[in-house]
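The two complexes that follow have subunit A in common; it is paired with subunit B in the first and with subunit C in the second.
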Partner chain A sequence: MDQFLQHLLNATMLGGTYALLGIGLTLIFGIMRVVNFTHGELYTFGAYMVFFFTMTLSANFFLALVFAMVLGIALGAAIEFVLLRRLRGASIDTTMLVMIGAWIAMQNTEQLAWTGVAKSVNHPFPIDPLVIGPVSVSWIRIFVFCVAIMLIVGTHLLIHRTRLGKAMRSTFQDRETAALMGVNINAIHTATFALGSGLAAAAGALLGPVFVLVPGMGDMAALKSFAIVILGGMGNFMGAALGGFLLALVEELGAGYISSGYRDGMGFLIIIVVLIFRPTGLFARAERIG
Partner chain B sequence: MNRWATGLWVGFLFSIPLWMTDQYYLHILIVAGIFIIAAMSLNLLLGYTGQLSLGHVAFFGIGGYTSALVSLGFDLELTDSYTFVFPAQPVWIAFLAGIVVAGFFGWLIGKISFKVRGAYFVIVTISFAEVVRLVALNWIDLTEGPMALNNIPPFTLGVPGLWELTFWRKIPNYYLVLVTCILSYVVIARLVGSRLGRAMIALRENEPLAASVGVDVTRSLVLAAVVSAAIAGAAGGLYTHYIRIIDPDVFLFIYTVTMVIMVVTGGKGTLAGPIVGGLIFGILPEALREVASPEMQWVIYGVLMILIVYFLPDGIVPAVSSWWKERFDAPPKTGEERA
Partner chain C sequence: MRTWIKSASFAIAATALLGLAGTAGAGETIKIGVTQPLTGAVAASGNYVVQGAKIAESFVNESGGVLGHKIELIVEDNKSNPKEAVATAEKLIVRDKVTVMMGAWSSTYTLAVMPKLMEYGVPMVVETSSSGKITTSGNPWIFRISPTSAMEAQSFGTKVDQFDIKKADFLVVNNDWGRGAASEFKKMLEGKGISVGVVETMDAKAQDLSAQLAKIKASGGDTLFVTSGVEQITLILKQVKEQRVSHRIITTGGSSSPDQLIAQAGAAAEGSYHLLFFAPWFPEAAPNPDVAKKFVDEWNKRGHNFAGLTEGFRGHDGIMTIAAGIEAAGKVDSDAIRQALWGVKVDGVNGDIAFIKQGPAGKESGQNVPNVYIVTIRDGKVALP
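After this line comes the complex of A and B, so read on.
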């Protein structure tokens, strides 16, 4: 039972970042109909930016997190502006091919920039874990979890309480009508992609100090994001948030009780099973945002 | 291309080992040929049925692993007291087994994943390949996991005891790959020209319309997936018995991407497309090896793929053939027409 509680706690801590990744991807898919293969690279980018600011420039850790996220937003906006804007209206397969090309180019640029040697990021939190009765959790993970939850709530408020969010939701519902009502579709697409990318970069920046950094780390993150998005239903915000926690739980239990070698395989099994039995996702009445 | 040009091409390809004495170039051509076979099989799904299957490397790897295991023999501890022992088989049987098993997985995955389309289909196929990779990595009793399967026997030709040729050298392997390549080409060309092929193209163009005139959607797509997977499995078998070692890295997503780049660059939905693309991307890495690191090469490929989608969306082969038609086959302007 203690072991189970520990797994549950670990899953919750990890689930926050997974939810961030999933929400970023699901927003982009829902609003732009783009299967974003660069999502994992933005995650890697965020992690390496934290490394760059803290270890190379010896900046403050918390400041580095903010910088990483801001740069992630900027990079996302640039990708949308350069690559995707001219593909508006192209088939989903065409954009997918472009995104695959961008993903490969980005991943290998990261490999060139940072080499394949694994890197680690120092953080200012105490090494000794917090022990609560039978379970324990490290301080950095608590911090990561809290920031992730704050970002999720912030994104939710952005979508539901601001003008920009309203414009995003209306674009999601009906692009043409939204455009007729004076919504600047180009700006909304750029903002959406920048926001989704920023969330991915934030997830990477937060998990960077927890794990080690390698240039290929984004692949698993991207594939897990896909799993989360499918679990929650494409374009479903709450679905992605819940999906993130669910995937973390399944992985944690799978690694704990079946075999740790198949930890990363759980997400793919989920994808396959969900798409066979419930292709619209577990939480979906219909594809929607909000 | 007419019959004579085709004959000339095939003759040229058969003559290469006669004058190309550098074994290294021959090796490059063999590997390029194996990837061309894989790319042709992917083209059947990607180009003709219009389904972007991004798990194609799974069939390649399954074919390779099956062929390796059957030719090496293996034992599985099913219960504590009973161990299933599979004796080593001749390489040809192993090769056929690889094709059959890959084809079976093509059927299975087709049955499962053709329930969904578009983005969902892509993600299911990626997931499938990743699951297979993880199984190959973790099922150490069978696959040796990251330690890889070594000493895989090469192909042999002839009757045991009387006369045998073991394919240790490059030249017989080159001919083997060339013949398989031609066979795969013929199979795909016949299939595409058949009733089923027309059904596949109709599905690509307009699925509801095709279904409304009586095309059995799932059956056509699953059949295409079976043939495609079986040919990819054959490519995997050739690869395994030529390189003679196989490890779970064969399932890496990057190999699927290589095949996709080959098909898209050459021209998806054309018979010659994967061959042209395969030759370019089979030879380019070796040509660039001196000037660019592997990472730099991948950056170039990624950018190239984006540029091709923007500026040459149909690929090289359709672009060249339309240019050719414009240049040489344009109807001569006669006096009556002008008048």
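After this line comes the complex of A and C, so read on.
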């Protein structure tokens, strides 16, 4: 029983970050329909930026998190502006190839800049965990969880309650009509990609101090993000958030009670099952045809 | 006319290519191929091995080289990926025409490369891999200087009483190295009447190990054997604290770089034990103190990371073994080097290197019997237990 409670708590903490990764990608992959292979690299970028600000420049930890996210947004905007803007009419294959190229180039740049030696980031939270009865959780994970939830809710409100959010939704529903209504299509594309990238960088910035930093750390994060988006239904915001928690739960319980060797396989098993029975994703509403 | 021009230009291109290959083969230096993970999941370790190998290259060349020639390392990156490891071996043998190789760090990469050694008939000195299969599968081109997991377990077995283990659990990386180590240590412990709880595995890239640790905690053992690279050991030490797992941690495989653990896991590294094949903090205690001291001094002089010495020495010992093999062969020829390696005696950083036969009769692989050390982390410093 104690083990089960600990698994549940671990899954909740992990689910928060999976959800954050998922919503960032669902904006780009689900709404913009760009197969964003750089998602994992923006995650890595966020983590290394926190390392750079706190460990190299000795900046305040919380300030470093904000800087990392802002720089992630800027990098995302730059990728959209330099690469994707030129490819707007191109086929999905072309875009995909360009993004794969960007992914490889970014990962090798990280390797060059930071070397393959793992880095670790100091954080101001106590090492001794919070103990609640039979289970325990570290303070930094609680902090990461709370910030992740805040970012998820904040992004949800941004998309559903603001003018910018409305413009985003309308643009990706019907680009021409949105343009006729006076929406600046180019700006919206850049803003959406930047926002999704900023969320990936935030996830990396938050998780970097929990784990260790290596240049290839984004690969697994990106793979899981794609899984979460497909699980939750393409472009479905709440679906991605719930998909993140579901994936974490399946991984935890699968590893805990079935086999840890198949831990990462469990999540993909669920996706296969979901795709067979609900091909549009677990939480997808009926597809609207423009 | 058109066809003629085409075939003529093809012929010119082909001649040019052949010409290039010719000049490469007739160079002044003796080329030694090295395949290591310089990027990817275990990049840190691979880079340290190469740094150690380059030191050996300088030592050999400063003392007059081999057979009157300088040696030259051709280093390829296997990208922490078995498929890439095969590609690097193919490239080193076919294009660079190396007659002997060193590699490929992980057991999984080494096992992937081994059929290529058979195909082309090129000997390889294995500097890190510990899976038993490497020397028992009947590949006569393999000469391993690192210990097998079985040797490591046996060596630890002689000291196991000091640890007073009642019940042990395992957390190992899910590949040939990790699973091999778990099965050999399990066998040894059970042979000593110590019970074994759970054997958990993790993906080499996994960062969150909370699920495995929750299960290990529930198993109720007192000692946790961990086999993985330093990156994952760091994560495990930190997460063991978070989940209040009370096990004593013992890492196997020699890739734990204790200094890096102290720097990155901090207080979480306190009290952990590590099996190593070189203890650079105490070079005077090595079987060949002069060799060990000379290597450590040069490493520091070059400004390499001190934490990398526990990996870097492998590269040094590997290249020194190869140089001795070429010298003994008397010519730069793969089969001659293979035969000569059976007779080499090298004063390595780890200890005296010589090969015994392992595997099926008639196609045995060479296996060295290295020394194993145990260190612990006490008061933020590496100490002998």
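Just so we're on the same page, the second predicted complex is superposed on the first by the 286 of 290 C-alpha atoms of A that agree within 3 Å, B and C clash if a C-alpha of one lies under 4 Å from a C-alpha of the other, contacts with A are read in each partner's own complex, and residues count from 1 in each chain.
Here is the rule we go by: a contact is a pair of C-beta atoms (placed from the backbone, for glycine too) under 8 Å apart; a residue touches a chain by one contact, two chains touch by 3 or more.
Bear in mind that the values here come from a model prediction, so they are computed numbers and not experimental data.
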Combined model on subunit A: subunit C and subunit B, fit or clash: clash
First, second, both or neither for A:255, with subunit B first and subunit C second: second
Which of subunit B and subunit C A:21 touches, first, second, both or neither: neither
Touching partner for A:6 - first (subunit B), second (subunit C), both, neither: second
Partner chain in contact with A:178 - subunit B first, subunit C second, else both or neither: neither
Touched partner set for A:111, first subunit B, second subunit C, both or neither: both
Which superposed partner A:141 touches (first subunit B, second subunit C, both, neither): second
Touched partner set for A:86, first subunit B, second subunit C, both or neither: first
First, second, both or neither for A:129, with subunit B first and subunit C second: second
Subunit B versus subunit C as contact partner of A:102, first or second or both or neither: first
Subunit B clash site on subunit C (candidates 26-34, 62-70, 80-88 or 242-250): 80-88
Subunit C-contacting residues of subunit A that also contact subunit B: 108, 111, 219, 261, 264
Residues on subunit B engaged by subunit A in the complex (per definition of touch): 50, 52, 112-113, 115-116, 118-120, 122-124, 126-128, 130-131, 134-135, 137-138, 253-254, 257, 260, 264, 293, 295-296, 298-299, 301-306, 309-310, 313
Subunit A partner contacts - residues on subunit C that touch it in the complex: 38-41, 43-44, 46-47, 80, 174, 200-203, 205-208, 210-212, 214-215, 217-218, 230-231, 234-235, 241-244, 260, 263-268, 305
Residues on subunit A engaged by subunit C in the complex (per definition of touch): 2-3, 6-7, 10, 13-14, 108, 111, 115-120, 127-129, 131, 136-138, 141, 207, 211-212, 214-217, 219-220, 251-256, 260-261, 263-264
In the complex with subunit B, residue positions of subunit A that touch it: 29, 35, 83, 86, 92-94, 96-98, 100-109, 111-112, 219, 223, 226-227, 230, 234, 259, 261-262, 264-265, 267-269, 271-272, 275-276, 279
